[in-house]
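Per-chain residue numbering starts at 1, and chain names A, B, C, D and E are given in the order in which the chains are listed.
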């Protein structure tokens, strides 16, 4: 069971790191996608969405190729860091980021797109720079989208399986995440451990989600005096 | 301080085409019927319009070129230092009134706003609202807060788009006085539909119609041009023998008649079928 | 009539050849579904509509037999897997394992028979402990092969059948049988099949086609 | 048709507490300072407020109980057949003006609207706008379309929340006349800050203050109560010997003085520090 | 290659059926989640999000148990329909619906939550029933959310792997979807076929996404005359 706890730890760590990094990377992408009139935008949009459509194992397979020192990206990384990306935590983070990118970008983009332009204009005439408008207007007004993006990104990384299966190498304490450990139990016919673990994961996830949604619901729409929600 | 505006632009089907060069001092009135292009003009001055190709724009303020479509100059709205009170107030609903105001001060990056916080809050009559969430405010309260917010940003020029429309008579008088006083520090362009408001507050006046400037000049010059031409009236006395006609009028829908002035009379005008006129026939 | 056969990943290639031949011979249509032995087993337990099951081990077929899910006496060993050590750059040997400081790719010992065999080899050499955190584990033997093949790991335990299928002729070492228990790959005819006769016919067909199995890189059980 | 309203409710900190029983005929004015609770009253009548526990409400229209907090009766807004022109127009921006209007007719499920499409379009002066997208309209244009939309819904009662605030003088006159005429078919409650508008259009009047009814009565009764009390004036002539004082005033900020009426004079009133007053001292 | 085309056909069919069904089921759920003040709402929200967090293979494993005639739901289904749910197309549809539910519900919920109440109130005073408000106001005003929901649902079902792996049984022509077929090619070291297939899938997805986003972008914000998008 200690190995299982280790897997849980790795999983949560992976999900956290991935989500935090994605929350840094995604807003500019989402903003650009939501508001650019550039003609390459549609292509960029489709590219971001691609990991959604590709089966994760296939994505993992191509990542495995990309990470290989035989090919350019992997060789470059090896030159810089002296280490291999495959079967390392860093590799998992990169894989997860690509895999979960659309889950963070798309809710943000959707939030940004429906955000009225009125308050932004008001901010600009007050002298707010682009960054200030983002900080003082966009973020608070699309708080829900940010929370949704973070939840989707985190949850999706938690449940990630195919990519990790391909590029993780199932090394306990390093790359063995909970979905893999669980799968291993099922495949090894250790059903009881599998049930315990799945149950635990379910409870953990429920608690986490209850916490997030509880917070979201509490902080929302205090001033709405209306029958039309 | 001088403002030069030269525009030839389309908003949808609507064309705005005007040339304007005016000395900024006190409150300058902008007057015109609904859809005349007043808001569009303000948006152009503030730098809120997407400049499309083939559209001409040249805007200079205080010697600085803010926009020049030919030289491809476009100073972004946030660097123009031109305040804007929007027709639809546009407060930040996720903040309290106080937070809306302090954000404006913070953004302006001045240690002290041009007009002190206390003065603005008192002048706009919003002391009792400070701790309220902007979302719960009534329309008139929102407008006053929007004016306060714009003033606390200490802009070089303030554009006011019907800032008093949703206010009651008293608040309006109070604010008219306050704006008048403040305009000595911050010059303003002021859109209003109220003839009296315009005449009380503004000098000179700009008259817009169909996206063009119809007239521009001092209050005295333009007072007669203002669309205070028609009014309803109820006949109280009529002597067919002497031709003496006495009318009962409501003062503020009334033109300013001078003794000796010739006026026209229309028996059943199409533009006015109010009960007052039709009731007794 | 149509047959559906569940096949462990490592035997898929060989099975495709056998099926092509069987179809040509008999005119029947055969559909092949692949997966890991453990995964296919779980599906069969819950009613997957397969007629035959070719596992990569003996354990799962035996379990199915105990649960009386198979046609009585239909269980047979169709091949014995051969484990090799593969290092694409040079000629490997067991000695290489002693000084090797990098990662080694194997199939997951818990779920894949070839992985279990590889673990036995390392244990026998007294090296298992020191490799603990350097073992890159594929979900099945195919993945263990991929890790080496893609260049992400330089050394790995793979099956001879894979190397054969991939046309690899050098730089591998066939590990002597004394280092691990034989990887007996067993097949069963499933009871739920409604074409028992045809299924049994196919089982016999495989047992007779020794040449194909051997050519693919397997041994055959003795006395068979 | 009778309207009975009995409310005791909180909106945030604001308490509205009133009893009202009024015969609906023509246009009834609702008057009060900014934040007096006018909009809140309208929302309650229209059924737009969340009824919270411990809040009292009893609303009857034309004999039907629309709301009774004690009997837990609450007729949803969509079944009240009460039209509403909002202070912020609330057009459907994804539709054209025409589509906004025809949607209203469709929803009302009447074969023919109470007032014909042509009459409404003409009365509101929106013929030229019909094919435009609602999104591109100017503020005054929006308000006129909103009025038209509400009328075409053929409601039993129409609530107008400052429908003319963003309109220019001419459009306003035009609409005032039109509404007046139409109100014989659809009775209206009318919020306005313009004293003259209220006096021209409305009878009787309801005066709100701080969430309560301050006064209610006929136009004549209330005309004096209306806050048209103070005005600015510039002295043109003053004879200290005879005490004769001549003032220059702006008519529509002016109370309706009658000969013989006593008025107060304040030398430097705090509520008015306009340039007009201070310039010459 | 014919088997691969069959797999593509099955996959698109599965994704289409699942998306259409989800678009029928999700709006009421999303609406309730966005606007209810019920205290069970948070729990419901977490439940909807659960398939996000659970590794797909685990979800698949439990679905397998549920579909099994040995347990109640599967037995019930067998009694009613005379067929087994597991390893059937119907079973895949059910599994995919559960798996993709959060991807359809969450964007809708987010869209509904940020939808201003103003127009809804206006609609109500015009006499619009709840359904009419939904049809004439909510749907057109949250069109972007609906498109996003449909895209995410469709794409996620296209790329689905773990669940299908467990409950599909990989039967060509019936339950073998493209992700499984592709994985099989990779596993069988048939790299060339895998590359062709992955490339084809990528092109197909790109074309699909370009089409969707192209449409979305064209139909959006025609009347926006502003620099602040």
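Keep in mind that, in the parts below, contacts are C-beta pairs under 8 Å (C-beta built on N, C-alpha and C of every residue); 3 or more make two chains touch, one makes a residue touch a chain.
For reference, the UniProt names are A, E = Molybdenum transport system permease; B, D = ABC transporter domain-containing protein.
Because the structure is a prediction, the values reported are computed rather than measured.
Between the contact lists of chain A and chain D, the overlap consists of B, E. Think of each touching pair as a link: the shortest run of links from chain B to chain D has 1 of them. For the pair chain C and chain E, the distance between mean C-alpha positions equals 36 Å.
With centres set at the average Cα position, the gap from chain A to chain E is 18 Å. If you average the CA atoms of chain A and of chain B, the two centres end up 49 Å from each other.
Our note on geometry: chain C versus chain D, Cα centroid distance of 84 Å, whole angstroms. For chain C, residues touching at least two other chains, in rising order: 39, 42, 143, 146. Residue positions of chain A touching 2 or more other chains, listed in rising order: 61, 121, 124, 183, 186, 223, 225-226, 228. Residues of chain D in contact with at least two other chains: 11-12, 47-48, 76-77, 88, 133, 136.
Across the complex, chain D is touched by residues 118-119, 121-130, 132-133, 136-137, 140-141, 222-223, 225 of chain E. Remark: chain A residues 61, 64-65, 67-71, 74, 84, 86-87, 165-166, 169-174, 183-184, 186-189 touch chain C in the complex.
Residues 36, 38-39, 41-42, 63, 103, 105, 108, 110-111, 133, 135-139, 143, 146-147, 150-153 of chain C are the ones touching chain A in the complex. Residues of chain C that touch chain E in their complex: 4, 9, 12-13, 16, 31, 33-35, 39, 42-43, 46-50, 140, 142-143, 145-146, 149, 162, 165-166. Residues of chain B that touch chain A in their complex: 46-48, 76-84, 86, 88, 90, 92, 94-95, 103-104, 107-109, 133, 135-136, 149-150, 153, 155.
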